[in-house]
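Below you'll find a set of structures to go through.
You will see chain A twice below: alongside chain B first, and alongside chain C after that.
== the complex of A and B ==
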């Protein structure tokens, strides 16, 4: 069962293109959309939400066609973005009174509880909020109408490390109900990757992979060794590589193969998502 | 909510994948008798939240333990330490006991006790333990 299904989404701009992206967000899990800046993550999310019209492709959210059933869908999703869509000159209280009637299941009680938890006062004007406070406000709105799917675009970009950790707990709480799902985008992989179940990696407008994080981290590995080990055939095994005067460090996609090939001659380390992102982006540039 | 006797500590420095670390520690708690048949375990989602790891990770750990017949998951009720594998658990505990006994024998030999002295001493302690 998928909370969100994207099929062959394409959008061409003069400078870049989101190219034929297909992606599933499984119900009951957290999916992280990762990739460097400016590769199309936000464009993809805007297309999911009907804020950017795709050239081609389809989006289904919670079983409903987008954009045909957009009104129904938006009752059931929560959106958190680092862009602030709210009226800057209003206070949090006034803004809430404006938003609440749009939702069938709006809970003032829940909203106020989150304001308290996030240390936001209802009297604060939106324009005076810091970037992190705007994210918190937008999170409070997203969590106050029993959303089944939370879509977050770079939610942690304005947040301090303390609240980022608290956010992990908050998201895990939402997922205690196995009908709820979360998708978030980020370029800081060390953030939410602890609790992400699935990772979708976007680079240069294309989907590189979308799979369970645990299997990714088991499959990829970092190889470190002496430059003398490298020849043109060996180099082909690497997704990306960094060579210096004192040795090389590179990412391989098949840990077992690398272990058999290099044996004791190299150091084989666990790859992090950041390693995977870095070397794939770098490698892609070299071969392109 | 707290679960009696369940301790799981994840190390980021360990070379073992996280699901293996979870599995090993729960298995250990069952085998050394800290957890008993019928004890309830936190749900997959609760454990993921407590450890700040993904749901898939805790799910896999539980699935592997289920395959070993050490835990049962009952739909709608949660996960429990299984009673199905009593013999295996008893065997494992007997093995640990045996190791401890061998240790006792070796130490008693080192300080020059005879077999009969060890047996007498053990009998004495056993009786005291029962009375208390």
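== the complex of A and C ==
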């Protein structure tokens, strides 16, 4: 069963368009939403949450239609973003008192436990929190009302490496309950290398792929070889390529095909999510 | 709905003293000078409080946070319209209370006796002002809303004297038992209701 289903979601701006995106987030798994900055990840997430009205397309979250059943949906989801828009002049305790009554399943005990774990004092004012602390606070809020789906928009971008690692462990723990699901948008792909089960890649407003991370990493490969191996037909096999004076390095979508074609003449490496994102975003030929 | 009103109270709790400050400042400014000070103190206090209550939500683009809460946009607007009614009643009744005190404590100011009908005028005017202000507030950006607040305050200050003159004329004509009064009141309520539906429509179309 899917925790989230997006169908043909489209939103056009004068300079930019999120174009006909269809995407499923499977229940019980972490789906990473990757893509360079400014390609539409945040817009897509905002459309899922009803913050931005799509020009066309539909969104179903936890079996409920958005925006028709948004109140019920929002009871069951948690939103964590690097952009926090809480009341800056209030303390964490005030914000808790403000937010808690809105949720049927709010647990003060859980909230206080997370505050302690994240080393946040209830008396701290929101305006005094660093970006990373704000993410921690919004995570504490999201985890204190038994959210079944966590929607996280660039949550790790303001975090130090220590808490980033802790956060990833925490997310993995949340997934111990197979009813919980996470969609995690980021351009820091190493975070997803660690925890994601599925990867959806957005580039220039379009969905490039959405599939299991393991099969993706098995399918794609980095090919390194001598420039003499390249001709116009061979170049077409590459998703993206980087050429230097001594050779080339490129991403191919079909590892087996590349292995058969080049044999022992090249080095075939495993592609990382960053490689896939980089070469797909850049495309064509890059001279270094 | 109660949660949203409670949310406003928590967000405003450190600035609630300003509402009392408005009341004192407008009372000192209008009561000794104008016969229709009951209306002006009530309207100004209520409108300044409404400004405070709306601006608190956009100070740090807080609508972006509010729309992630388990409420819909219609409920967010509904709560603000109810808050506008509360500010109106607070402003007008606080003004009435102060005027009653002044009548006893400072008889030399010769403030007139006020009836329940007298309270309807500032309530009606405040509902009209809210009906115009709210759709503008919810359709404009943070900067636009701040400009609208300033514009409204300037208009209110500019209209103080003409309003006083009109109010005096109305009082002299004695329309308290005129059927026109009922029609005007119904018109004001219809305008307020129409404004609510317009604001909901505009706010639902807004992207965050």
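Heads up, the rule we're going with is that the second predicted complex is superposed on the first by the 283 of 288 C-alpha atoms of A that agree within 3 Å, B and C clash if a C-alpha of one lies under 4 Å from a C-alpha of the other, contacts with A are read in each partner's own complex, and residues count from 1 in each chain.
Here is the rule we go by: a residue touches a chain if its C-beta (ideal position, glycine included) is under 8 Å from a C-beta of that chain, and two chains touch if they have at least 3 such contacts.
Bear in mind the structure is a predicted one, so any value in this text is a computation, not a measurement.
Colleague: Given the touch rule stated above, what does A:30 touch, chain B (first), chain C (second), both, or neither?
Modeller: In the superposition, A:30 touches chain B alone.
Colleague: Which partner chains sit in contact with A:196 here, chain B, chain C, both or neither? Use first/second/both/neither.
Modeller: A:196: touches chain B, not chain C.
Colleague: Have a look at where A:173 lands relative to chain B and chain C in the superposition and call it first, second, both or neither.
Modeller: first
Colleague: Could you let me know whether more residues of chain A are touched by chain B or by chain C?
Modeller: So, of the two partners, C touches more residues of chain A.
Colleague: Now for A:209: first (chain B), second (chain C), both, or neither, which partner does it touch?
Modeller: neither
Colleague: Look at A:270 in the shared chain and tell me whether it touches chain B only, chain C only, both, or neither; answer first, second, both or neither.
Modeller: In the superposition, A:270 contacts chain B only.
Colleague: Go through chain A and flag every residue that touches chain B in one model and chain C in the other.
Modeller: Touching chain B in the first complex and chain C in the second, no residue of chain A appears in both lists.
Colleague: Would you pull the chain B residues touching chain A in the complex into a rising list?
Modeller: 15, 17-19, 45-46, 48-49, 52-57, 60
Colleague: For a test of understanding, state which residues of chain A touch chain C in their complex under the given definition.
Modeller: Interface residues on the chain A side: 46, 49-53, 67, 70-72, 74-75, 79, 83-90, 94, 97-99, 101-103.
Colleague: Touching chain B in the complex: which residues of chain A?
Modeller: Within the complex, chain A contacts chain B at residues 28-30, 168-169, 172-173, 175-176, 178, 194-198, 212-214, 217-218, 270.
Colleague: Which of the residues in chain C end up touching chain A in this complex?
Modeller: Counting only chain C, the residues touching chain A are 3, 6-7, 10-11, 13-14, 56, 59-65, 67-72, 204-205, 207-208.
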